[in-house]
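There are two complexes below, and they share subunit A, which is joined by subunit B in the first and by subunit C in the second.
This part shows the complex of A and B:
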């Protein structure tokens, strides 16, 4: 499964977009310049400390009127060092400015527009379609077609969050009452991980999301499927499961398309079973994990807003059957 | 109170015989602090108050360090259950708030409160009662924060307390109110210290110490004090607005977008203070470094003027960087570029200082690698790394990747531990003999230094990589699959080594206080005036106010160097001189011990703590404050005998004379 090892899936220096690539290049330039500067300064410092002193230099207790010739030389050396410093800083400033422009402008082609809304502690992704009825909302998993320009509009319903998927682009804050925008074009297929980067309370640490970059075909299939309402229960157990869902507190926070459940305090579950993870990219989406999460999510993510649910074993079984059927 | 006014101008120098024994006895009597607990509460001696500040701030440093250790235990492995999110959020918030507000700023200003009067050659700070008030206010703020933490009411929204997370809707209870009021307490104390330092350094310098002869440490403290005066009001305003937003029945909605407020307003106000704050902590460190380097290189500072101008320009540019904490918010790209420019530009004065320090060491005499100097060298290396990562953070596009990640955690600790704590420890080793009369142990000192240096880099260097690999800040845990486990474990091991270094320091302090080698007046052969008096200095600092002919008064003292005579010894009197030339201007009577600073601080405490619960605390507090101020300003009646004495001991002419000691 995807949860084996994610160490390269959230790295600023393994870019999957030209935008993240520009920033990674800037990083490497600054990194090597910094290494060089540090090496020079440290060498000068070590030499200054351990320089062999002549006997005459050591005798006088303090030096109140130093040798003017040496002072003049030292002044010249310091001036050169300062000039080099200023030159380096101007080059870095120029690079920084051009990189900033390059990563914040749209190209002419029509982008895929997605709206991201931050919630404590999950991600709402609204796919805006020119045909309104085909638009849909999903949670914690962003699927993107390879090679298409993406415009993410970001806002929040509660506190400030920050959208950060390092392989795709730098972060942007989701601020209540304001909209911000991220632009990037994924050019590598794969699974990438992102995480909230602005402290937002108890479960800030585990407010993750996954970005799945797919081929155009796979993406359209998924898109068309997501536009549909939830599948109908196919057997009695699933029917009872739906009844459990609709008659318990679940319905007060979640949406399942095509049922009366229509609230967005928690993530929408219309196509829950087609997602690879649950609990904001914290657990693999398995029946076992779902059971643990539904009964006592506070044990897994203390402070999150989902209450523990006391369900009889049969009811739980039916509910899980229903939820896992929501492909 | 001003006793005498004299025309500014050239003071005349006379030769006279001074009755040293009589003057000393009288000074002892008029400057003595009452013994016992009452004396402790009423003292206005800048040295007692500064030492209290330093000890208190260091205790808060240890508390903050314990909190840091708890965090490193929690993060040592993924999915640890040592601390839950509720505890972790309180711990990291109180750690940051402690280190910034209760440790770093107070301990640096405290060094200024102790040494600025000594270095400029005067008897006390300009407003001794206000100084005492500042300490009590600071102490109350610190106790308030820790009472909160111990009663599970510790603030939990970060030391930056971003709204709306810290607003009434998302942070119910009193946790954030305690944070907001702690800010108000400590910033009042900082403003008080800043006023003391500026007036003392500008108006109370020894004759001859013109602006271009002020010791570099004093310059650093003056620049810091001006920065405090411009930066701290922004945060006090913001924290008070937050408090009124949160206060039931007042609910001002300054920061509530749903009612026409603005969430980003908080960030502007906070960082307008928050970025200069970094320089408020760092600039005193540079003052320490300049002082120690001159002493150990045994030569004059290379580029004195360049060093001073660098400090001043850092002070100015430091106010133009705050938006680089907000590059991830939707601000226009061109606007961000200006802040990138300013952020990168501030590297220039820092570079100038580093080049001047290296040149001073290079051209100096053979260096004895004593502990204070080791800390200075550790500072240069560490701070250069922090400065370079600072340039990266200043770059708007690169910042989008590293902002709010462990890369920033690494950077800020390189700048603050490297830039301030290493110099501070160097300063504590350097000035310990001045405070106690005894040198600290060198072997323990070296052990202390190496443990701290290695522990520090082990802890914080891996965090750069963690940030680049996607680990955000302020997370109480992380998943095993993230691949962050190994580097976090390394960081936690480093933290243990760092802790051992601090323990070595504590052992050294307690051992050396009793058993350290006796230091004498000037153990390091230093050049500034605090070494021209005994160790520890008498309550009146100097028997006679010294005069100064160049930047290095102690190195150039001669038997016929004049001293100031004619100041009264039977009351607490100090000499006021001209701001630019330091020519004697007039005499100034400083207040005696007083209980009123404590009373006023208590009234302030009632107001600020009360306002957490009810708006009625404001009128009640105002009435109490009024009463305390009446007591504070109530004139002292002077006995007739003393009045007669006043006329007898007054010299003729402009009331002052510079006399050659014979």
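This part shows the complex of A and C:
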């Protein structure tokens, strides 16, 4: 529906990290081994079907007398097939064990630490900075610097979710009251898509997020900008829009840095306009979509936690002017 | 065995049941349907809803004292009290909107307790609605314009469940977080009384 240009952005066979690369390799090994096994079994089956007894054999009385030579040959064939099967399974087990070890390996360099918190139905990403005032929280969009090791700490606020960005890494569950970790190093720039992979309620299927891997320079520019408070409204309409925001239901759930709006129930909106999507990577971030979402989000994603908002046309216009100015 | 005996082995075609019996069967069926319908309401999840009684709360009185003879009030029915989903949403909002900041988990602390039988400003749904929307002197803030009407009604239903005023078939049975007291579902039903002054 949206993001038509994101082909290959949600694929485990187009890895963007060495970790996902190991997983992709393992997948291809398993794929080819399985194809070979399937081909062999099918060939044996077809051979058995066509090598049916001839018409003369069918009419002749069946010879049931013990034939040690034939018995021995059949036993040997079955034993060889069994041994090969077990050997293949052990090889795959070993490969998956070594892959599992390789992808959970933490190198010595200082990693970038990010905390991901699952909510019904959006993603919260907390960038933890050694200087606390420089840390910030963003939603549904994970920006990462290319070539740096990332340690993602996962937890949940309500039910079990699962973090799954196949280009970066395998799945890992977000469990309330418990922290788990994902370690990877993005080495390819680009936009990738992630998705909740553990059924978590009404909007589970549309609980997505975007991962933007950028060069170091771009990333630190963005990082410095995100650690700032929200921009001040520059004209009267935007000022009125801020007033609408602060005096209505919005303020009960959302944060805009530098204003009294400071609630952490819904996604933070401090730099809303700098994000590419809204509604957990469901809609592109345009003024029109924002208007639809603010007024009646239940039509777009039934069951989500955002209440419908009845605003007069002028108030809505001002509010949208303000929200779209939050670069 | 003759042919005739064979046929007789099968039961005779049933005679038409007497009218009284038929009436009873129809009655039972209707009753069962009614029960099923009531049960369905418990599970209904409305996402684009009208509040159960918009502006109904505005008719509520602050005092029983009236000019002339007392006239009965028209009761306000909060349909969310029969609905498990709305009640659990109310429970979630009670935490998220920080009602628990003052009322704690219903036991009271900074604000009055909500799980006992004492009501300073009335225990009826419309009274509680007004308490939330208008605010009350000495500490209860006004949430007018900050919380949509339907969410206020969900909160009202949940607040009443704290003292066992709603049916146990719909009241929440568990908490998302650590259970602090017996679940709303198994609270004893308090008999509310208008009482006292604000502490």
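Criterion: the second predicted complex is superposed on the first by the 310 of 327 C-alpha atoms of A that agree within 3 Å, B and C clash if a C-alpha of one lies under 4 Å from a C-alpha of the other, contacts with A are read in each partner's own complex, and residues count from 1 in each chain.
One rule holds for everything that comes next: a residue touches a chain if its C-beta (ideal position, glycine included) is under 8 Å from a C-beta of that chain, and two chains touch if they have at least 3 such contacts.
This structure is a prediction, so every number in the text was calculated from the model and none was measured.
In the superposition on chain A, contact of A:302 is made with both subunit B and subunit C.
When the two complexes are overlaid on their common chain A, residue A:70 makes contact with subunit B while staying clear of subunit C. In the superposition on chain A, A:158 makes contact with both subunit B and subunit C.
Of the two partner chains placed by the overlay, only subunit B lies in contact with A:85; subunit C stays clear of it. In the superposed model, A:265 lies in contact with subunit C only, and not with subunit B. One of subunit B and subunit C touches more residues of subunit A, and that partner is B.
Applying the stated contact rule after C-alpha superposition, one finds that A:220 touches neither subunit B nor subunit C.
Once both structures are placed on chain A, subunit A residues 158, 302-303 are touched by subunit B and, in the other complex, by subunit C. Across the interface of their complex, subunit A is touched by residues 84-86, 89, 157-158, 162, 164-165, 169-170, 257-258, 262-264, 298-300, 302-303, 328-330, 333, 336-337, 340-341, 344-345, 347-348, 351-352, 354-356, 358-359, 361-367, 369, 377, 380-381, 384-385, 388-389, 391-392, 395-405, 468-470, 472-479, 481-484, 525, 527, 552, 555-556 of subunit B.
Across the complex, subunit A is touched by residues 45, 47-48, 96-97, 145-148, 150-151, 176 of subunit C.
Per the touch definition, subunit A reaches subunit B in the complex via residues 3-8, 10-13, 20, 22-23, 26-27, 30, 34, 37-38, 41-42, 44-45, 47-49, 51, 53, 57-58, 60-64, 66, 70-71, 74-75, 77-78, 81-82, 85-86, 89, 92-93, 95-97, 99-101, 103-104, 120, 158-160, 162, 164, 166, 169-173, 175-181, 193, 195-206, 208, 282, 302-303. Only residues 158, 247-249, 251-253, 265, 296, 298-299, 302-303, 307-309 of subunit A touch subunit C when the two sit together in their complex.
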